[in-house]
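Since the structure comes first, as structure tokens, the remarks are kept for the end.
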Amino acid sequence: MGCGPRYGRDMREHILSIILFLPLAGAALLLFVPRDNKHVIRVLANAFALAGFLVSLPLVPWFWVQRFQPGFKFVEGVPGTWIPTIGAGYMLGIDGISFLLIMLTTLLGWISILSSWNAIQERVKEYYIWFLILQTGMLGVFMALDFFLFFVFWEAMLVPMYLLIGIWGGPRKLYAAIKFFLYTLLGSVLMLLGILFLYFHHFRATGVYTFSIPELYKTAPNIEFQSAIWLFLAFFVAFAIKVPMFPFHTWLPDAHVEAPTAGSVILAGVLLKMGTYGFLRFSLPLFPGVVMHPKVRAWMVGLSIVGIIYGALVSLMQKDMKKLVAYSSVSHLGFCTLGIFAVNSLGITGSVIQQVNHGISTGALFLIVGILYERRHTREIAEYGGISSVMPVYATITMIMFLSSMGLPLLNGFIGEFTILQGAWIESRLWAGLSVIGVILAAAYLLWLYQRVFFGVVNNPKNEKLHDLSPREVLCFAPLVVLAFAIGLYPKPLFQILEQPVNQLVQTVRPGQVNGQVHAQTAVPSAAPGRTGN
Amino acid sequence: MPLTLSQMFTPTDYFVALPMIMLTLFALGILLIDLIVPDDWKWTNAVTALAGIGFSAYSVFQIQRTFVQVGPNFPGQPGLRNALFVDRPAIYFFYLFLGGAAIAILMSVRYLETEREHRGEYYALLLLSVVGMMCMAAGADIVLIFIGLELMAISTYVLVGFLRRDRRSNEAALKYLLLGAFSSGIFAYGLSLFYGVTGSTNLLDIRRHLTQQMLYSSGHPDAVTIVALLTVMVGLLFKIAAVPFHQWAPDAYEGAPTSITAFMSVAVKAAAWAMLLRLLLGGMTPLRPLYVPVIIFASLATMTGANLAAITQSNLKRLLAYSSIAHVGYMLLGLVAGTPQFQSAEGIKGILIYLLVYTFMNLGAFGVVASLRRREIIGDEIDDIAGLMSRAPIEATLMLLFLLSLAGIPPLAGFWGKYFIFLSLIQTGHYWLAGAAVLYSVVGLYYYMRIANAMLVREPAEREPVRLGFGNAAALGLTALATLWIGIFPNASIRFVNWVLNLDRTGPLISWLR
Amino acid sequence: MTPITTLHYLVLAAALFVLGVIGVLTRRNVIIILMSIELILNAVNLNLVAFSRLYGLQGQVFSIFVIADAAAEAAVAFGILIAFFRNKETVNVDEIDLLKW
Amino acid sequence: MTPVATTFFFYLLSGAALLGGVLVITRRNPVHSALSLIMTLLSIAGLYLMLYAPFVAGVQIILYVGGIMVLFLFVIMLINIEQASREERFSKQWPVGILAAAALGVLFVSVFFKGRSVLPTQLLVLPEEHNTQQIAVLLYSDYMLAFEIASLLLLVAMIGAVVMAKKRTTTP
Amino acid sequence: MFFLDHIWMVPLLPALGAACMFFFGRGATKRTVNVICVGAVVLAFLFSCGAVLQLNEWSVQHPGTGFEKTLYTWLGSDTGRLTYSNANRGQSEFKADVGFLLDPLSAIWLLFVTGVGMLIHIYSMGYMAHEGGYYRFFGYLNLFMFSMLVLILGNNYALMFVGWEGVGLCSYLLIGFYFQRKSASDAANKAFITNRIGDAGFLLGLFAIAGHFGSIQFTAVTALARSGQYHSGDAVITLATICLFIGACGKSAQLPLYVWLPDAMEGPTPVSALIHAATMVTAGVYMVARSNALFVLAPASMKVVAIVGALTAIFAASIGLVQNDIKRVLAYSTISQLGYMFMALGVGAFAAGVFHVFTHAFFKALLFLGAGSVIHALSGEQDFRRMGGLAKVIPVTYRTMLIATLAIAGIPPLAGFVSKDEILWQAWSAHGGAFRSLWLLAFFTALMTAFYMFRLICLTFYGQPRMSPEVEDHVHESPRSMTLPLIVLAFFSVTAGFLGWPHSLGGSNAFERYLSPVFANAAVAEAPEETSRSLEWGLMALSVAAAAAGFGLARRAYGQADKGYAEPIAAAAPPVYQVLYNKYFVDEGYDYIFTGRRKLGPLRFGAMGAGEASSWVDTNVIDGAVNAAGWMTRATASLSKWWDKWIIDGVGVNGPALLVRALSYPARLVQWGLVQWYALVMVVGLTGFIWYYAFR
């Protein structure tokens, strides 16, 4: 501690571990606070959540300077040091993709804990403990460079989420929680088998037992197609359930509707991204042959597109606000998977940006629904109307987030969708053409919702006395709104952060594609030089 | 001219029998001391029993140490004219038995006091049954194994029926005894046929003979051998409670005193496994192509039957009984792993680790159930555990830990059992079995979560806080710590199992006896 | 007349075994079920002694252990049975019906 | 003493044993069953003698007939006989039970005929006069531990029987 | 070149105004709002004027090019390494700048958008003076100005799309300004969603362009398109232009996406004037004109544009004949006029189309503002069946509106005459052949236009008042801030035509010359010959005659309106009247088929129908399968209980005893919990094993 630079370097070397375990430390500390002392618990939990966000901030400049360098950054640990007997290691590291998702996680984690201040009145201590544990679990998924470690976090994180839904959820919480747990577990156990296959394959190829992801990258693509397709499917089921892709999505509405607000925010904002992250981190680079197989790809893209349209259509007819938002997630995540399985730089870049954006905007949407729910204890759309007159600030923020969610330019949602669709178009016009329907329907269901809730006259007497947002609530939204605008206006940093990992990924999956090389002739034609007059 | 006893038996013979001798001595001691101990001081019997277990464990440790000193190529210590063969797996199982028994004893004190059946015989029988288990795990002679089995079984019958005034306990004991006796009849019949086809009661000779027979018959053993194998396997599958020979287990588990349920579900089960591994891998290794289909059938039937049956249970102990049957189904898959001719070492490793972690988590779970027992309240229905989180947060949290571990959620110990089983299946190409097993593990989660839901979500029916005795607290603490520790840092356990299987140095030692 | 071979004893033992099994499966009286189990154990013993004619005395020794086991089992069984009888006043096996799902 | 008229005695004794067995499982009165069982046990003891196992035969008579069966009769007397003799003898599943057991028996026998080649045809010469001594030597050498464990087994049986059957002393 | 270099200030100023309203508007007084918002637009207008002047200077130095100014890279990593494979040219960088392009085309739009926008801002100060949400209104208006300016100044399709969606949003917000009214919010939604359909087309067109050319920058795409590397009729370009045109249809209210515009009249009248008449709806024209190089390469698309334009023109005009809401008539008129513009674009007369946009902006804004003034005077009355006799009471409004009417009807030498006749002439001459039927359509449209416009004037201003007395008492001329814009616009309605006075009438058509760099080699029929000149005159005369005839007819039918009047069409052909009056039942049809807001019998089609069907599938099939899997598992688990409960108890109550016993035998057999059953299972298991091995 004595010498500053030394300390800083240490922190830099272990920054990921610090980010990862700070929430867990918070949970451990909370264990020792008496459970009747709710105020102290709240303050402590919020402090840790905020601290969790703050310690992740130094990552931004540190990552920024090396954003174009290849490989994983901030790598910690050596392969096989955790459980040497099986070759599993405590190994963390991030690239651009995981960096963005980690920042999203820390931010949303803080916001959702902040938003629970009043919403959670019972069993406060347990709530915050589980939430902080959940935070660590999610971060671990994005940081792990060891397949085993990844799997442990992947599964361990289910438990706190399950409890958050199951204990603090709505009337059908048990059904929803069990469904969530079983469904996602079903996927992940199959993935475990896939991981083990890769593990043995790597051993047969190299004679070394290891779960190190960078090592497995080297051998897994050599698996012959007949096996790889099954492996791909095993992984696919796990990730598709998590995303959720079209026929595997039914746990999502139930989970969302029953979960407490903060749980929904985290569920939509972060948990779903684990599925897409899984596709990017594992499915694509491990099984390039399968992914690029025309039939497989057609199925993947087909499911994505069906998800986009189907999710939007189902959203359109929902009577429950939260369910509507939940189905809209299906639609939005359909865009993410579409981008992923377009397998080109644009599609994947767009997909990651869309994931971040979805975290921001849908997270905000769930907060928005939560605000009304807290005041009125109902989410029936029919119960509302004319809220604009009663809660103008709230209405404004809602409008912004709705617009962001439907992909209005200059707000964040557009950037991702645009890039994905451009990527999809390059692969197939039909894909883009069909997916665009989702963009139209997004406007339809969101605006219709807005109309029914916010427009009109207040004809339900219960709504007359609703009070507008409190400063704490505004504080919850503020970062999201600012980010929505910031990303919408100046997304270049995101593109730059994603450029290297995405290009590398595409290079792995489709070596035929030349990346990072612009043909000389496509430079802007000389006929119209982009000059500035003086 | 026959040799005299001192010529026949060397100090080594006593050395390898020392763990059993210690337990016997202390058991007898308890029987004597119990006569003079006043009713309020019956807990001293538990202390004595624990001391016996401690001494016994120390002797096991001494045996283990001589192995280390003698060197890695020395797989085991035969003694008592090859009747006892204390090899590394036997030592492993000794530790498991002793650990399971110790924790069960810790749990028993308060439970027996509540039941007002606190008597010294209980501990004596417990210790003597461990002696039986040791014979099963280390016996190299089917006579010894059989008699060890009977010693364990008869002690357990009595222990199950120890609550004489409780009709459920009576019935459980009677059922267990009738079925147990019936199955050991079948088992003994099979052993007699084995003796008939091989001409020896020693496992080494049996194996030698069977190998030759398999060689001569080019892999198609004659019908009598098959019947011998199958009848023996019925006995074995009965003891480990595999479907369709499992039905005694839920009844016995439900009716028995909870501490004995815990003991049965870990130590007795581990002993049955030890015997099964002894016989199948020690004596009947050449018959592997024959028994694998039976095992596959039993495993699938067990996973299906037990998981489905567990779903509808409303009694905690019964539910946990079915859960422990289901775990047997997973473990059996470890025996399947490998080619038709050769057993995969990873599979056995899976079984051993499974038994280890299972010991802790299951003891823990039953420990929590035992702690719910109070006067007038049996506390073993799911309704009784409702709202436990608000009544007793620590117990509830621990229970949650154990349940999740039983469900195989990482990073808890239970995960590692399943992990190595799946690993071995994947390694040897049994993908479909692995797939079925993981799907059943998802079903398993459902009923564990039913308990968790009741505990965490439902409102308590009563507000009376749960009081833990010292012994119970210690038992829960130990098991929880082990569940977490093995879960997060399994390396030591894996290394120990590697040592047990001789995987650490010279490659797998699958044949139990060399 | 064919000489009496081991096979004859095996068949006899199997018949006794089957009789025992039938007894276990069909009789309601626990005491008779226990007797049937004794029949099964005697089948085992007959096997063992018949085989020991082929291989040596181990079989006979084994059969002695089986007899000891039969004795122990019977003793404990009666102990439990009596405890049960005291509570329930019956020795019928289908009245052991408290424990089921 | 070499057995005489082995074939005749074998069929006689085995017939008696089987008859006893059938009576055991069919008699309504448990006392009758027990007496039939004694007949079976004695017949089997005779067979042991034919198989050059006088010691086992002796143990069979002394321990089994003299010990265990007396225990049986004792318990039958202890527990109400009249009630037992009035009730249904067989359980509801008896047809299935007999069927399954018969199938098992058929399978056993057919298997034994099919696989009898595995058994050596050469019989050993077992001198009867040393039989007891040889068994003793085996018991105290190769089966030393089993022997000791068997003693524990009997001890456990004793404790168990006492624990279970003892009159209630402690007040509930 | 201060103004050019800081061209980004033009959109930024209103954006700042909007931001101020967003953050501080609630507390601000009307005066502050006026200063900030109107001030911002006035500044923007002045700035634009400066910039356009400097552009002239600049284009002298750099002939043939527009001025481009790039601020920063918006989309893309700006490193050259985020690329996509481009159908023709290998890898291209994915990139869209925040960059501005000022060339004659955007200059024209810039001027009239800021100019008309400024006037309407000023007008609104008066019009909205008594409304609630004043700051909100001006904030939205400023936001609209920002979006519109981004749309026209953006130097690439992506940035244009920003403005494109932005104006759609503002339109939504402003239509729904009176959000308490359900009709208003419905109309707002309709506008946005219909526009979104067009936007989707725009996006796809954008992607097609990017995929084909490797760039979405206007200058680059235009240069490539004109480079000769792409042949005329290129399939992708056709696809791209069709997609773009779908976008234009949405934004500019062409068939079949025009339905939102009439409903958009739910918004405050200045909004209708600014957005739904003068500026936003011309964005489609702007976009097609901007993409002229592409459209020229896609003759098929051009035909589509022309035909859709002509059909829209006559279709909307025919509806306008019988509507009674003053603003709705104007709305249909707008659609019809937009159809003209597209027809012009479609026949290749880009300059003519643009010119009509330009002139139309003035007189249509004027018409709307005038209508607003009327409505203002009548305290909100919009139905001109209940007006009349206003000419004397609100003379300024009357006169200016009359000027606008004459202009739109095409009475020489007003602005409308010049631009419309240019279009008619081009429609006649551009392709010839069957294309002349377009001219015929346009001609009849002109006739109808004159008719319904004069119908409006007659019913509103002439005759005796037909409104209720209390309304009549309050009739008053609008305040200065409202009349001033009217007068200014009237001035331009009269004079704007002279900027593009055609050669045939001795003019120089300065407007077309100014635009010539933009439409460089657009295939416009040039060099009018003497023979055609006389023909042109003839056609001109014909159209003027048509206008006059329209006036005459209207005068005859409605001149005596105070004595009661009959709709001539209703009298002549009642079914036709019904169809027209109900707008060809298009809204209803859309509701049945596309939106599903109306049920066809018990069935619901369209999006909502699909939504309901999907929801049903979701709950019952997909989730049903999931739940069924769980249910099956549990059911299997409780099979024996189930057997007892349903078969034994169920049949046992009523069924014959024998059946019950037969059914219950297995259940009695499976007496769970009985030792002998357990033993039996064991024996059966053992037997099965042996059987399996002995007889396999």
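First chain written, first letter: the chains are A, B, C, D and E, and each begins at residue 1.
As a working rule, a residue touches a chain if its C-beta (ideal position, glycine included) is under 8 Å from a C-beta of that chain, and two chains touch if they have at least 3 such contacts.
What you see is a predicted model, and the numbers here were worked out from it, not measured in a lab.
> Listed by label, which chains are in contact with chain B and with chain C?
Looking at chain C and chain B together, the chains touching each of them are D, E.
> Trace the shortest chain of touching neighbours from chain C to chain E and give its length in steps.
Minimum step count, chain C to chain E: 1.
> When the contacting C-beta pairs are counted for A-E and for B-E, which pair yields the higher total?
Result: the pair with more contacts is A-E.
> State which chain is most central when centres are taken as means of Cα atoms.
Minimum centroid-to-centroid distance belongs to A.
> Centre to centre, by mean C-alpha position, how many angstrom separate chain A and chain C?
Result: the chain centres lie 66 Å from each other.
> Calculate how many whole Å lie between the centre of chain B and the centre of chain D, each centre taken as the average of the chain's C-alpha atoms.
Here chain B and chain D have centroids separated by 30 Å.
> Approximately how many whole Å separate the CA-defined centres of chain A and chain D?
Each chain reduced to its C-alpha mean, chain A and chain D end up 72 Å apart.
> Report, in whole Å, the distance between the mean C-alpha point of chain C and the mean C-alpha point of chain D.
Roughly 6 Å, centre to centre.
> Going by the touch rule set out above, which residues of chain B reach two or more other chains?
As it turns out, chain B has residues touching two or more other chains at 143, 147, 150, 154, 157-158, 161, 164-165, 173-175, 178, 182, 186, 196, 199, 223, 226-227, 251, 309, 312, 446.
> Give the residues of chain A that touch two or more other chains, as numbers and ranges in rising order.
182
> Among the residues of chain C, which ones contact at least 2 other chains?
Correct list: 6, 10, 17, 20-21, 24-26, 34, 45, 50, 54-56, 58, 61, 65, 68-69, 72-73, 76, 79-81, 83, 93-94, 96-101.
> Using the contact rule from the top, write out all pairs of chains that touch.
A-B, A-E, B-C, B-D, B-E, C-D, C-E, D-E
> Considering only the defined contacts, which chain A positions touch chain B in the complex?
Interface residues on the chain A side: 35, 82-86, 123, 126, 151-152, 155-156, 158-159, 162-163, 166-167, 173-174, 177-178, 181-182, 185-186, 189-190, 192-193, 196-197, 199-200, 230.
> Write out the stretch or stretches of chain E touching chain D in their complex.
Against chain D, the touching part of chain E is residues 668-669, 671, 674, 676-677, 680, 683-684, 686-687, 690-691, 694.
> Under the touch definition given earlier, write down the residues of chain B that touch chain D in their complex.
On the chain B side, the touching residues are 2-3, 5, 8-9, 17, 24, 31, 39, 80-84, 116-117, 119, 121, 124-125, 128-129, 131-132, 135, 141, 143-144, 147-148, 150-151, 154-155, 157-158, 161-162, 164-165, 173, 196-197, 199, 213, 222-227.
> Report the residues of chain B in contact with chain A in the complex, numbered from low to high.
389-390, 393, 404, 409-411, 415, 419, 422-423, 426-427, 431, 434-435, 438-439, 441-442, 445-446, 449, 453, 456-457, 489-491, 494-495, 498
> For chain E, which residues count as touching chain A in their complex?
Against chain A, chain E makes touches at 1, 4-5, 22, 26, 58, 65-70, 72-86, 89-94, 99, 155, 158, 161-162, 165-166, 169, 172, 176, 179-180, 182, 184-186, 188-189, 192-193, 196-197, 199-200, 203-204, 207-208, 210-211, 214-215, 217, 219-220, 222-224, 226-227, 239, 607-608, 610-615, 618, 622-623, 626, 630.
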